[in-house]
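For reference, chains read A, B, C and D in written order, and residue numbers begin at 1 within each chain.
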Amino acid sequence: MFEGRPGAFLRFVLLLVAIVALPLAVRPVVASEIWIFSIAAMALNLIFGYTGMLSFGQATFFGLAAYTSGLMMIHWHAPLLVVLAAGTLVGALAAAAVGYVCIQRVGTYFIMLTFGFNQMFFFIAYKWTAVTGGDDGLPGIPRPPLALGPWSISLETSVRYYVFVAVVFLLAFYAMKRIVDSPLGVIFQSIRENPVRAAAVGYDVKWYKWIAFTLAGAFTGFAGVLYSMMFGIVPLESISWIISGDIVFMVLIGGIGNLYGPLLGAAAFKWLSEAISVLWNRWPLILGVALVLVVLFLRGGLVEAFARIRGAFGGGGGRRDADEGVPVRVGAEGEART
Amino acid sequence: MTEEAILRTEGLTCDFGALRAVNGVSLSVTPGTLHSVIGPNGSGKTTLFNLISGELRPTGGRVYLEGRDVTGVASHDLPHLGLARCFQRTNVFPKLTTYDNVWVAAFSRHTPGALGFLKRASDFASVDAEARRILDAVGLAHKVAAPAETLSHGQQRALEVGVTLASSPRLVLLDEPTQGLAPEATQHMTRLVQSLVGRYTILLIEHKMRIVMSISNRISVMAFGELIAEGTADEVRDNRDVQRAYLGTRR
Amino acid sequence: MNVAFFAGAILNGLVTGMLYALMGVGLSLILGLLNIPNFAHGVLYALGAYVMISAGKAFGFLGGALTALAVVGLLGAVIEYFGVRRLYRVHSDYILLLSFGLSLILTESIILVWGPVGITSQPPAFLTGGIDLGVTVYPKYRLAVMFITTALVLGCYLFVTRTRYGAILRAGIEDKDMAAALGINIRRVFTLTFAVGTGLAGLGGALMSPVRGLLPTMGIDILPFAFVVVVLGGLGSLPGAILAGLLVGVVQSLMTAIWAPGADASVFALMTLGIIARPQGLLGRR
Amino acid sequence: MSTITRRHFLTTTIAAGTGLLGVPALGTAQGKEIVMLGIWPFTGAFADVGPLLDRGMRLAIDEWNNKVIGRPIKYITRDDETKASSATRRMEEAIDSEGVKIVIGPWSSGMALACTEVAKRRKVFYYFSGGTEDIAGKRCHRYAFNWAASPYTAMHVVVDNYMRLNPTHKRWYLFVSDFAFGWSVEKYTREAGSHHGIEFVGADRMPLGTREYSGFVSKAAAAKPDVLCLLNAGQDVLVSIREAHNFGLAPKVTLLNSWGVGTEDFLQLDPKTRENFWVGTNAYYGMNTPVAKKMTEMYQAKYNVPPGYAPCAAYGMTRLTLRAIEKANSAEPADIVKALEGWETQDWPGKVWVNPKTHQTVRDYMLLRCKKPDQMKHATDFADIVAVSGQPTMPDSMNECKDIGSL
């Protein structure tokens, strides 16, 4: 799987270490949230980091899938795997529909369209109190056991749920890695870098943007289902633009255009907000300051921070990278497929 | 019926509001030849290219590629019909490595089918080989892992041509490949363009007369959006209209 | 549903519509400049309201409103000078995220300074209570706000389209490099434009505080609608923003009267249809 | 050619790294300490009520000078931000990291429905005071109790007594906050109204935190009602009262806030706007029970303003919990539950009985009418107490709490 690329293998091992170590460092509930939002952040990274489209409405798919799965579990007592599949499908279909409209426009219009759709679905969820519970959210969601053939593993305790979330996260991560390593990965990046030339060499740019948007919707929906089962409630916030903003936050803090950036971003964001919120009620102020600093001084996010730290401490054989001076350090997935 | 011209335009016209940038241009290019289009600045050469390559939608006239009417076809379909173009201002993928720049263009012609997308990009040996062959041809083999934005201007022009060739076209539109190059790099680029003749049909826009006259089989001259003369290098050199167009006296 | 009812709904629509227009004009100026939606615009609106409350105690209603305009405008200039200016050469998404970060900082700062509790503010004495318009009784203050905001928006429109400085401003928005090449001190133009844009938002907040009362999150509630107005009106088009502002205000108010649950969602449906039907917006060019 | 370029950097996994930087240690000393959590709204739509609730709970704990059955009380608070997601997350976090066994709050019914689920799953004692009937109804479970009167009783006390004094006011228009609280009080206002032939000429549902009431008020004016019944909450009540006056609807039409906070709202309205404003509430400081009088003195001494429904509710719940701990001589949730079930005692609202089958507190509800400015004996003499009654109680047939479940 990593033939001949020690860097990639090392990173994957570190990820496994993190998955094991995380619940020791933070509460299992927070640790689960980190991996759940990592999936959503990876999804946004596929659109924003790889394909160059900043969507400010990912919560639409996160929330829709959460509500759908919540309702299925409450009313039909649907089993776990069915619910996960349904949520992913809902995320994908919603993203396909919303995406088809949004990709007709680019730049600011695209951002505002995704934001507009998010608000529309938010207000629908807000007012359709009979189904979504409106402002109070949808409470009373059970956590169905993991039924694998004869065995049925209960996920009631937060530690067991963490293990389950970590495993499905790894599956999602592997799936995203295959997408990014597949020709789609390079095609998406070519569209990010230069849509006109991407068309000139033969790619229907809108079609591929649509694929990226829909794939991301599927992953985001998947994360939404996991979120609904965690607290046993789908809060109205799960479809509000606040969650969309958080996901963008995570991708940016972590560093866009690279598979591990969003994970770092999600971990930093969730851990930071958990640790500080207990200490100080005005914790979003610190997140705001962090975002401003990152945007002004560290646009590559944590990924770049590590590269710089590593560079400062004698970065081994790596030669000075010629593009140090380039203001935008969008760390593209650097492994040349040699 | 085998059309003898690989590319034919009939009365091609393009208006930008009141300005008629291209006016009724009818041009045909014989397969396997190097056909140049020259003319003073603002004569509509690049606009003509943009009309042929689908970047701009013509307001009148038709474009035929290998006998097929491709007028107004989306620019992303043309590479699959055998036409590829390179741009006057370097228009590559800055953050992608040189290898990926060429690889992504080569891959677009490769039809992997749905499942193909699940395979790893490095599993496509044929595309990899094609990309390496082109990188060698344009002299960038040693710059494989470097991001395109870190290349020198000359290297980027070479990459521009490389990316164009990677779509394995039959007709190549080259828009001033030597633009802004130092003399030594210009010679290198001219040799490169000449090496393409025979394997591809080339439609070239070029300002440097010495190059155009030496390597073109056929030359079309444009002025104020119209085709004012066409012929071999000698016929065009002696043509009074061409001289007047270049010396700036109105016809 | 009698005439009085619809008259009330339309009047309400015009009041909120003019507010959206005022916000839209401010947002449009900044949007034309930076080509990004300024997420901090909503919070600056809220800040204006809060500054108005504090300043109003000392300088009265009018003094309070002008202080709000000055303070928020100044803050806008500072944000542009120290923050946004460093990002002009960088991808525009980063400016958007800077504004998002600022909105977090400002919202929390408002809570720190003025407390999380909602404050209600009273209009000036001579404008309290309702006036009988024959068709319906309508609060005097809301009518006053409608006229003031209309005057402001028209004033701003005339400034931008008729004055020399307005021409410089539009040149800067059209093509900053060309404008700079022509010797315009583009830096100063941008700082001032940003200040005017944010100042209008602050003033909007100040004027609307007696109508809607103050809450730290009041800015975030109004931001989505300001976006709709700008997008529907056409990016960078002031007349577009004014027209769209009134349209959105009236549609929202009528929908509230007819089928309240659908009111807000319908505004966004309006935006989406608008963009698909007329991509460059009602009166936009780009 | 796989040269190790700078891009092949070593990623230090932030998650493992940051985790070690001193996150609150897992599980503090269980020991003798009894940890009581007050989960209150310090931000969001109910931000103004949080501090008042905190005062009420602290007042009760201070009365016990921080000790019960010989063990120290550790009182901690969390901010639910008036959001269901924050309420659950913070409550779960407090249970995990502080070993909380007793939870009181939050203020909004919507949050309560989220918190009661956590309490059920984590088996912690949970006391709520609010208008939604579900806590002691559809969503009841063995660990959850509701201190406020049942909305059935409350709405009957309000409607029956209002109609007794204003028999001709048959046309009512409703403003309903669109969440669990609003739906519950609306249902029982209509049920009580049906006994008096009241015609509900219109009803609007608006989200909690609505600031733009002009549309709704002009719609209500068009329906020409006798009573504008405000079944909304928080600042919305004040905004709708002011708009009613601005649009000339009041004082012609009577304003009735059937489930209100009383004092806190009166303080924010000027006397003229307050005139003839009717309020139904669970706790008004004029209540003449010994516990209420003593609490009002203590509160007024500390904050020189009379307590409204919020601090009284927090105080009442904390006080009953502490007394239950003493009765059970144990702070274990299961023991507190058994101590409370079926308990009949005198407390803040006077006679109190905790229904063992539904965990609903059966107690008196009050109807107030604001005085004319010149009738007020002193600055905070806001209203006359028109009625105080705990009757009628909800017939069991109507209660949706079929099975309270096991411990």
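Methods note: contacts are C-beta pairs under 8 Å (C-beta built on N, C-alpha and C of every residue); 3 or more make two chains touch, one makes a residue touch a chain.
If you're wondering where the values come from, they're calculated on a predicted model, not measured in any experiment.
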**OP:** Quick one: how many steps at least from chain A to chain D, stepping chain to touching chain?
**Re:** 1
Original post:
Shared touching chains for chain C and chain D?
Top reply: A
Original post:
Which chains, taken as a pair, are joined by the highest number of C-beta contacts?
Top reply: A-D
Original post:
Relative to chain C, which chain has the most distant C-alpha mean position?
Top reply: B
**OP:** Starting from the mean Cα coordinates of chain A and chain C, work out the distance between those two points in Å.
**Re:** 32
Original post:
Just how far, in Å, is the C-alpha centre of chain C from the one of chain B?
Top reply: 49
Original post:
Between chain A and chain B, what is the gap in Å from one C-alpha centre to the other?
Top reply: 41
Subject >> Separation of mean Cα positions, chain D and chain B [Å, integer] >> reply: 74
Original post:
What are the residue numbers in chain A that touch two or more other chains?
Top reply: 126-127, 330, 336, 338
Subject >> Sequence positions of chain D contacting 2 or more other chains >> reply: 1, 3, 5, 42-43, 205
Original post:
Considering chain C alone, which of its residues make contact with at least two other chains?
Top reply: 111, 261
Original post:
Can you list the residues on chain B that touch chain A in the complex?
Top reply: 53, 55, 74-80, 84-85, 87, 91-97, 99-100, 103-105, 107-109, 112, 116-122, 124, 128, 144-147, 149-150, 163, 166-167
Subject >> chain C residues touching chain D - in the complex, by the definition given at the top >> reply: 1-2, 4-5, 8-9, 12, 15-16, 111, 115-118, 120, 128-130, 132, 136-139, 141-142, 211-213, 215-218, 221, 253, 256-257, 260-261
Original post:
Which residues of chain A touch chain C in the complex?
Top reply: 48, 54, 101, 104-105, 107-109, 111-113, 115-117, 119-120, 123-124, 126-128, 241, 245, 248-249, 252, 282, 284-285, 287-292, 295-296, 299, 327-328, 330
Original post:
Considering the complex alone, what residue numbers of chain D touch chain C?
Top reply: 42-45, 47-48, 50, 204-206, 209, 211-212, 214-216, 218-219, 221-222, 235, 238-239, 242-243, 245-248, 268
Original post:
What part of chain C is in contact with chain A in the complex they form?
Top reply: 31, 35-37, 83, 86-87, 89-94, 96-98, 100-105, 107-109, 111-112, 224, 227-228, 230-231, 235, 261-262, 264-265, 268-269, 271-272, 275-276, 279
